[in-house]
Amino acid sequence: MNATPGGADPALWLPEPWRIERVRRELSDTFTLELQPTAGGAPLRFLPGQFNMLYAFGLGEVPISISGDPEADGPLVHTIRAVGPVTEAMRRLVPGDVLGVRGPFGSCWPVSGAEAEGCDLVIVAGGVGLAPLRPAILHVLRHRQRFGQVCIFYGARTPADILYRHELRRWRGQFDLLVDVTVDRATQDWAGRVGVVPRLVEGGGYDPQHTLALVCGPEIMMRHTARALLARGVRRERIHVSMERNMKCAVGLCGHCQFGPHFVCRDGPVFRFDVIEALMTVDGL
Amino acid sequence: MQRLSLAGLAVLLHVLWADRREIIGPRLRDGAITLGILHRLEDLPVGWSDTAQEAAQYRVVPRADSARFGHVTGPLSWKRWLFLPEEVLFRAVRDDQDGGFTLSATPTAPLRAFLGVRGCDLAAIAIQDRIFAHDPAYCARREATLIIAINCLEPGGTCFCASMETGPQARGAFDLRLTEWLDAGTPSYLVESGSAAGRKLLARLPIEACTPEDQARVEQALAQAATRMGRQLDTGGLAERLAARPGHRHWQQVAARCLSCANCTLVCPTCFCSTIEDRTDLSGTTAERVRRWDSCFDLEHSYIVGGNVRADPAARYRQWLLHKLAYWHTQFGTSGCTGCGRCITWCPVGIDLTVEAAAVAGSEA
Amino acid sequence: MDGERTRRIEVGTLARVEGEGALTLRVRGDRLLDVQLRIYEPPRFFEALLRGRDFREAPDISARICGICPIAYQLGAAQAMEDACGVQVGAGLRALRRLIYCGEWIESHALHVFLLHLPDFLGMPDAVALAEAGHRDTVQAALRIRKLGNALMRVIGGREIHPVNLKVGGFWRAPDAEALQALLPDIGQATDAMLRQLDQLTRLAFPDFTVDCEFLALRHDEEYAITEGRLVSSRGIDLPLEGYDGLLTETHVRHSTALQSQRSDGGTPVHVGPLARLHLNRDRLPPELARLAGQIGLEPGCRNPFKSILARVIEVLYALGEARRLIDEYRVPEAPAIDCPPRAGTGYGATEAPRGLCYHRYTLAADGVITDAKIVAPTSVNQRQIEADLHEYAASRLDQSDERLRHGCERLIRSYDPCISCSTHFLTLNIENG
Amino acid sequence: MNAARNTARNPSRPRLAVFKFASCDGCQLSLLDCEDELLAVCEAVEIAYFPEASSAMQPGPYDIVLVEGSITTAHDRERIRRVRRSARRLVTIGACATSGGIQALRNFRDVAEFAHLVYARPEYLDTLAESTPIAAHVPVDHELRGCPIDQRQLLALLDALLRGRRPSIPSAAVCTECKRAGQVCVTVAQGTPCLGPVTQAGCGALCPGFARGCYGCFGPKEAPNTDALAVKLGELGLDPPAVRRFWHTFNAGAGAFRRAGGG
């Protein structure tokens, strides 16, 4: 009755229905959805690196990063890899189908802040980890003059697993970007690099002292990449990684995504490496 | 401070009932003083005590007097009426025409009064208020709840609220606060209000004046009670020391005894983990989302594609203890433990948070 | 073997019975060679695995003999143990036992009457077909009645299948009076639903078939026997339970697939179940129900096994009435159970399961360890009778087409509501083909 | 005619079959006991093979096969392979099918001796020395625990399979349901031995609700610490044979309980 908490959000749990406009098959198990709100209305404002909770009717809700251009008024874009029942069901969706959307949630890649101004940028992605970085890359391309060197290092399991292949090629063609792609296992038609991504950061003509690094991929890949970046002299607090933990509420009250003292949904998913470095070395945290 | 006779306590209950409030309070059931709806005055556990609690040991015993609140915290905490064990968050109906769906959420918030909230539990409610600050259903229920707190003069065997600075005096967001005072075995109640609603309520009760001596006696009894806690926890630097020792060998030693049964988390009045289940009816046209109490001791709790983060039960115990006593400070600016002692009493194998925390905090490796 | 053709009529999997069984008739010319009710339910050795267990475990373990009538096993075992220990529960606990048993009768009988047996009379494969063929009301009535029966089991026992609340000495916890009273409206509705179905059930066509059998059932001084009584038969038997082992022998005969019960003296079969109960205890029914039995076609002395469906209907109505009475009179007992300290000795227990008399005998060591167990399920007793009936039925209908004869035999088997899973004694033969 | 009946309404309904092995029939009865939902289930799936309920027995393949009972005969060992081949998804239901059931107690004894105790002519028995769960013979897609299974879990599982959702079958302890239900722990408050802390949830913590200890009919939970609980059971006054018997009932064949009981 007294001192009751304020600020209850009546829509906290309610996904809003968004309609699928386009489906793009990216890879055998990965696809991109473009969505518009069924009720019409404004596009979703978000920051690069943030995510939404996507709800498939009656099936479940999953956290998925936003992969579109944060500054374009286009559709809401999500790139999803089908790995389990909910994402599998999403793979079967066709234009016209409806998904529930809650969001956006979480922290962002610090590409628009002062700390990025004038820096070299090293963007490192593994597998579907390129999807959460895409908005950051699009932002950088839009404001290219604000940054120094920009390197994009990308690793996939096999050549067939390379996400956003055409876009990567386009970026690679741009004179002011360094785009380097590697695969774990080559196939016959692959003439590019073979090896793990962390090796790529050893190259590239960026200036470690003035570099901001954004890393997204499997946890072990991020650990190794960070180590390689540190070895080159990139400062701890200028490396950012995006964490994954089980998520149910996305607003810091279900407890699932705790990572040490952090809620990945609220304090993350993007963390400064120095903040979580110690935690990342603990098994089972 | 004023005084309410035993008859006055009855009036209090009747006034609340007249206001159509459901009164949740202590009741004797299944050999324990649990919390439940009070339908009549006699539902209160007259002359029963449960203060002799120990790790994995709880018994109710008759008292020599007719105290109504001569017990401490039992197996249930108030959270089950604010953060429900299971709750439907929304229902959704599929629209036949366009493949979309319509969602609706109708949180219910019955008018209630909590009667007999102790210091530790009052602190726990304050903590959950912060956690669920944006949760509509929680806030609605909280809004509709009147809190009548009670001071503890007889702490229990697993209590350590004094260490956690949450008791034995009930402090914080109460509407009324009672102190049960026994004169020759007959109780009367010293009463204070803590809010406008409390003051209004008080005005409707047959209160009597109380003397400065009465007041002094209560203060003295409370100070006394603080020295009689069954457990204690040295909180100085505790959070830092625990957080710094995720690799301590003691975690494995606890895991050898721990059943990962989750009882500790579920009886804890501040634990807030929940899980979500989305489901449909057999025809697939209506869906609902259910939230229910979950626990970090559950393997599924840490599931992500490719594996469970905390597969090892030792990691789960560590998560519980570190969250409670260390990470909580970072997350919510307070300890997650209020010293109510429930997790100690209700752990079937008697694992004692105060002992385990001290073991980890007390040595380096 | 040579010359004349052998006609084989087979039912590979008996449907709408509990458990797995099959039927074979062999006919040569106008001679019925044999009838075999084959049971391929694998043996589960309950009596053996009860040995060495504590006597207090028997109710829960023996319940697992059958998911359809667990009370018959839980209660039979509990009573046998109390007998062995020389204690007796008081009237309140006894009434509560009778009440939960009413629940089992209601759900089991309603299952059989409507969902398993009735489709036979209407030429349907199952209840879903009934519902679709315009009998949705009937199916819904069945579900409503079963639901009430199951609710009784759930409120008292915790769940309808293998309830957790029964134990040697009584119950773990006595149900609240309010929880039971809350069922009264449902009892009323279930009763109405049952009564509304009477018309249709009375109009069913029953084959003209009567067997001169010996009915065996429990009989109680005051009540229609459910949880206890003496052994009585239509041929003059009247014995205490201890007389069971002398009365019936179980033999392991070559042509049969099961241990068969038969009279120790004459080797003749006996018939247990609702028809037997009604035959022997008609005078213990409330007069209006006894009258109703006659009105719906169950004249006293009825020996037509096909009419067992009507006997079940009467028993459902009886159990509904009993349930109401018992709930009205219910007072929460002082203690949910009596003490039952073990002692060396043998104890007997028998109850009337929905399918008929179910007998238990246990021997205990002084510390309560079970040293010997014998459990006889009603279907095991009836098996001999069923084969005899089949023989008589088929022998006089050999002129019928295979299909018709097969169907008739199946119906006849189903009229016993055989519960093959209750097959502590049933076993699998290595079936010779050819 | 029956086939026509079943397919006329909705030819695309998934086909459900129910097979029985050594068991008491209770688990499949759970389906018939869903009085309120039974007709809806029949709308949602085509019941293609369910001898306990219907004489219309249609051949496979089936989309969902529920298997009750354990494997105890050579004949059944073959039959379960055929059943598996006919099943797109195979779900084992109940303690018999998931761990061998009460009849797995034979696994610790001499079956020949058992047979002699019960049968006059044991040479006619076709029986294996052990009662084994279905998963010991063929791959299983999902399992529902319990002796018997819980109806709500069964319906939720069917619903999940029909929708393509991950069935939500908890792996946590019975204690979690006991606490959610607001029941009082029988071990702590009454000193009653209870297997709840190591038994998989699903029943709704039935037994503690009736003031008795859980006897483990849902089998071991994930990572069951049976050693630690055994110590507790001893403290509560159970002597070693009683502790062994406690582990060895309806899920005596399940690894953790088997070992805990010394089997």
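For the reader, a short list of remarks on this structure follows.
All chains are identified by letter, namely A, B, C and D, in their written order; residue positions are counted from 1 within each chain.
We adopt the following convention: contacts are C-beta pairs under 8 Å (C-beta built on N, C-alpha and C of every residue); 3 or more make two chains touch, one makes a residue touch a chain.
Keep in mind it's a predicted model, so treat the numbers as computed, not measured.
Ranked by separation of Cα centres from subunit C, the top chain is A.
Looking at A-B and A-D, the interface holding more C-beta pairs in contact is that of A-B.
Chain geometry summary: the mean Cα position of subunit A and that of subunit B are 39 Å apart. Computed from the mean C-alpha positions, the centre of subunit B lies at a distance of 51 Å from the centre of subunit C. Centroid to centroid, with C-alpha atoms defining each point, subunit A and subunit D lie 43 Å apart. Inter-chain spacing, taken between the CA centroids of subunit B and subunit D, is 37 Å. Among the residues of subunit B, those in touch with two or more other chains are 278-280, 284. Listed for subunit D are residues 163, 165, 211, each touching two or more other chains. Shown for subunit A are the residues that touch two or more other chains, namely 58-60, 84.
Chains that are in contact with each other form these pairs: A-B, A-D, B-D, C-D. For subunit A in complex with subunit B, the residues that touch the partner chain are 1-10, 12-15, 17, 19, 38, 55, 57-61, 83-84, 96-98, 100, 244-246, 248-249, 251-256, 258, 260-263, 282-285. Those residues of subunit D that touch subunit C in the shared complex are 2, 5, 20-27, 29-30, 32-33, 35-36, 38-39, 42, 47, 50-57, 72-73, 75-76, 101-103, 105-106, 109, 111, 113-115, 117-121, 124-127, 147-148, 203, 206-207, 209-212, 215, 217, 242, 245, 249-250.
Every residue of subunit A that touches subunit D in the complex is listed here, in rising order: 58-60, 84-86, 88-89.
Of all the residues in subunit D, the ones that touch subunit A in their complex are 163-166.
Contacts from subunit D toward subunit B in the complex involve residues 37, 40-41, 43-44, 155-156, 158-160, 162-163, 165, 168, 170-173, 175-176, 179-185, 187-190, 194, 196-198, 211, 222-225, 227-229, 231-232.
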